[in-house]
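Chain lettering (A, B, C and D) follows the sequence in which the chains are written, and residue indices restart at 1 in each chain.
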Amino acid sequence: MEREDLFRDPVIHMKLKTQMTVNQLIQEFNKSGSFGAGRIATACNIYERMIRDEKCTIFLAIAGAVVPAGLRSIIVDLIRRRLVDAIVTTGANMIHDLLEAMGGHHYKGSHNADDSVLYKYHTYRIYDIFVPEEDFIKEDSKLAEMFDEIAEDNNGSALSSNELMEEIGKRINDPNSILKAAYESKVPVFVPAVRDSEFCYIHWLHASRNTSDKILKVDAFKEVSSIIDLASNSSRIGMIVLGGGVPRNTVQHTAAIARKGIEYAILITMDRPETGGLSGSTLREAMSWGKIKPSADKVTVVGDVLIVFPLIAASVLERLGSKYQRKREK
Amino acid sequence: MEREDLFRDPVIHMKLKTQMTVNQLIQEFNKSGSFGAGRIATACNIYERMIRDEKCTIFLAIAGAVVPAGLRSIIVDLIRRRLVDAIVTTGANMIHDLLEAMGGHHYKGSHNADDSVLYKYHTYRIYDIFVPEEDFIKEDSKLAEMFDEIAEDNNGSALSSNELMEEIGKRINDPNSILKAAYESKVPVFVPAVRDSEFCYIHWLHASRNTSDKILKVDAFKEVSSIIDLASNSSRIGMIVLGGGVPRNTVQHTAAIARKGIEYAILITMDRPETGGLSGSTLREAMSWGKIKPSADKVTVVGDVLIVFPLIAASVLERLGSKYQRKREK
Amino acid sequence: MEREDLFRDPVIHMKLKTQMTVNQLIQEFNKSGSFGAGRIATACNIYERMIRDEKCTIFLAIAGAVVPAGLRSIIVDLIRRRLVDAIVTTGANMIHDLLEAMGGHHYKGSHNADDSVLYKYHTYRIYDIFVPEEDFIKEDSKLAEMFDEIAEDNNGSALSSNELMEEIGKRINDPNSILKAAYESKVPVFVPAVRDSEFCYIHWLHASRNTSDKILKVDAFKEVSSIIDLASNSSRIGMIVLGGGVPRNTVQHTAAIARKGIEYAILITMDRPETGGLSGSTLREAMSWGKIKPSADKVTVVGDVLIVFPLIAASVLERLGSKYQRKREK
Amino acid sequence: MEREDLFRDPVIHMKLKTQMTVNQLIQEFNKSGSFGAGRIATACNIYERMIRDEKCTIFLAIAGAVVPAGLRSIIVDLIRRRLVDAIVTTGANMIHDLLEAMGGHHYKGSHNADDSVLYKYHTYRIYDIFVPEEDFIKEDSKLAEMFDEIAEDNNGSALSSNELMEEIGKRINDPNSILKAAYESKVPVFVPAVRDSEFCYIHWLHASRNTSDKILKVDAFKEVSSIIDLASNSSRIGMIVLGGGVPRNTVQHTAAIARKGIEYAILITMDRPETGGLSGSTLREAMSWGKIKPSADKVTVVGDVLIVFPLIAASVLERLGSKYQRKREK
């Protein structure tokens, strides 16, 4: 590297204009190119490339309470346009998707609320969101019945987490539901830690009141070959991580087992690397494991998913146009 | 509250002396009582009270790569003295426990290492730790064989994650192993997301080369009633969280389902609440869900588990004395 | 509070459309109202109210390397439309403003660059920005000469930091400069820690080669009465903090001394409260000091200023219209 | 680098024993060597080397509210044993040192207190510390009188911030005061942003009621040549940073101007690099500026200063022995 190579690309200060579109703002981020603004612009560019690469299978890993907080419709839209090909998420996010599908709601509350009062009022808090316990009770009961039906239909044979999500998606009617959209678009939804969520209580309800021997069974390892096959059969793998945790780890580990290093990676997180946990680990570290290719097109945006992901999605949708429907090459 | 009530307890500046013990330093933290020092002193006090409460069942939730990083022996010691009664953890931590039990090692490395070189050298990096791939391969192969044997012994019936951990603990010889110590001390080890770890690859290995129909099955929901019973049958529940993620959520959710709010809680994390994820959520928020009692004795220490937890453990062990063996009331 | 009061305002999931403007996205953030999205929408609303309150004096506190990173033009625009009335900042930000005013540049680089190579190449790094040392040398020399001139003009009497900034602003020609715009718009620029920046080296250069007895003097406390008067004579005080540090503390402390608690406050930071520093302290804490009114309209956005502030500014400019020029009531 | 070089140094799991000293625990951290534990052990080693290098001038940069929170006596002890040679700090820390020297106190409070109630009770909050306003009023008044006296003694000539601190240190009697100890030990205390603290209000008080023309003057730039000379005349520079902000920047910048890159560096902070601010920037970045030597012995510990620094100090004092008094080579 010569010294003059360092000075080819000056920071161009962002300019705002009224009525500028989101993508126009992102283009200003791109011109400045520094700190979080530069990274978010890079993330938009990488997501656009992922989408335009028809041989790329895009995994969206979702952790954190992003569905209750307002990203449900955006995720549904991405599924229906096939801008994601597979979802790996927490049980909780799907529970909150279903809560709304079954008529429940999340409410804007306050993170300063007195939690002992909320407890008395049977109101659950998720940072600044309130959820009435009765909406959970309604959901638990409906899902426990659905579990009866699913167990019946499957005749006692064990399902994988994605098969269970598919069975649920098939049975609900809300077109705004992630599980419904995923079912209709044939986008698999993997929930590797399905047991760690309200699904475990629903299962317990279902099992405890079921007098037949038809108890729904979920085989913890059954999904593994499906997700590995999905990766193995892809020419290239793209990954977008909202948060971290089990969803991120599952996608990365799948890529390693399938011997297909991830080619495109976007990580949005507030976790930091120094304490050694997976959620905050750098994408670079994942290279050493063969999870991400040394040549990968990758970026980490340090920030709140609720701010960052809508920005990226809006910018990329603007580039694609309102009618865009992604086609996947077989 | 009267104004003078605010000024009863002055900050007493910490004094250091040479050869002071860890607990003496913690007493100085207690006297100053402010910021992280105050919180760590409170955590020591709460852990001591948890231990001395013989009717308390202590759940240790472990996330993050703390076993490879050096906490293995401390956790073993806590198990053997019965200063924890149940463990909820990630698959990865148990994989790294077993890697050493099977002769492998973790090595001190550097977080600045070139990961593409490490990849070429078949060396995995966990922040500043290196692990040779060959140690994993050895472990994978031994565990896949062990899975054959466990499947055989269980005659095809599905296990829970804790039963699987018990079966493994029974079969290994390393007295420094967490799974061995837990097996010997009858401390259950729950791994709610067991599929999200090298165990899934080991299972895949085991299943793909097994010609018999004896494939090990893990039922995702089977552990649920065991852990709920454990909580239900306890007079009081204590929780220590290293990190967050699935282990924290499982313990808290168990308490809610069992209708036994947690009585004593220590959370050590670097995550923050504002982005809404469970890992960074306040212990206070968990009250609204009935997971933690409004009257709970609780503290959050913001810090690196590798620094904070040994400090707490050393301080509490010093208070208990070297011979202390906890007895649990039935 | 009745229970039903908790459930008045459901989370409405964000919807994206192509070509949506930044403010339209912010309106979606407002509808969802949760986590960072809700806070950023609130920040836009507060800034709009601050601006439309003609009796409000708006202090913009700027810390962190936001000028080199690309916010220079946005800040200039806000000054020229009088959407800020006073600036409190670090010496470094003004040095980087002047570096460009004197023909220098900042360049997009990489945070992974080898710093020992950069050192050899006389290239300074600010995270992912490179600055050639020669641009600094040029600036140092020009500013040292300007200091000679300012000292001469002021005939040895000591200046305050804001007078020094004004003297510099008067002498430069770049219309894109913050100091030029501030000079022309009569927006004072306070630099309470002016000595902690390249200005100290420039002063040292100026002083060491100056054979006359006309050495520029900056009186550390001289600005205090000006900034207190500004606050005292305002009906209401608004504060926007980018980062934290000395600029935030100075604005808050000024409000307390002037016995005018801040009425509108927006804080954008990544710092957290638990370690007790001012930068991460909550706006609520500032109430106890009388720095912020108990009734204040206030919000903290946890995030990267380079992402968050342009979003807020673009949204508010869209609401005001392209021709908007704020008038201040005397 | 050969592959086997990666695997020379296995992680040795920490072992606790009862009554272990702080330094014994740090030795266990050293054996494990990973994550925060490894970094804290490294910091202890570096501080020990700094101390034993008699040609090293040790700068302690102190930001954040560490003096009110309980580190006052530790800092006094380090000064008196000459384990630091110069201090660069915020006005606030010295104000809180003096508050106690003048009979005031800090009290253990709660970060959850209702700040509007505290405001009514004239009680200031610093995270979980309460300070009665009356203690400030008393201090303000005494210091304003002291300013009268200092102005008188200096006959109107402008002081540097360190001269002002020296004048104050000379006039107080509390042996537990940092300023007293620094005065007695001839350790200069630089406060580059002295104006950004209660000192500005005290100065305003002093100036507004002083009818003579003897107003205390602090020349913002006067300290610059003293601190540069201190660095220039040192064979080697060591730096310990508690927090970040102006104190860190001043020390680093001084080293650059003096053309003496820092040789030993310990940074304890919770800030992170990605948002580009100086406080969170890596020590590596400072190399590009010539502030830190490429060959420097350096480490960053991510953590709460109130936990981390006492640990380091206690460990190092244990190594040095209770009678240790550092000698500096001229």
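The working rule: contacts are C-beta pairs under 8 Å (C-beta built on N, C-alpha and C of every residue); 3 or more make two chains touch, one makes a residue touch a chain.
None of the values given here were measured: they were computed from a predicted structure.
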**Message:** Per the definition at the top, count C-beta pairs in contact and tell me whether C-D or A-D has more.
**Reply:** C-D
**Prompt:** Measuring centre to centre, with centres taken as mean CA positions, what chain is farthest from chain B?
**Reply:** C
**Asked** Once you find the CA centre of chain A and the CA centre of chain D, what distance in Å lies between them?
**Response** 44
**Complete:** Between chain C and chain D, the Cα-mean centres are separated in Å by 26
**Message:** Can you list every residue of chain D that touches 2 or more other chains, as numbers and ranges?
**Reply:** 34-36, 65, 69, 118, 123, 127-129, 270, 272, 274-276, 302, 304-306
**Request:** Would you mind writing out the residues of chain D in touch with chain A in their complex?
**Result:** 34-36, 39, 272, 274-276, 302
**Asked** Inside the complex, what are the residues of chain C that reach chain A?
**Response** 1, 3, 6-22, 25, 28-29, 31-38, 40, 65, 68-74, 77, 105-109, 117-118, 121-123, 127-130, 132, 176, 270, 302-308, 310-311, 313-314, 317-318, 320-322
**Asked** Where on chain D does chain C make contact in their complex?
**Response** 63-66, 69, 92, 111, 113, 115-116, 118-119, 123-129, 158, 161, 192-198, 200-201, 203-204, 207, 217-221, 223-225, 228, 243, 245-246, 249-250, 253, 257, 270-281, 284-290, 294, 304-306
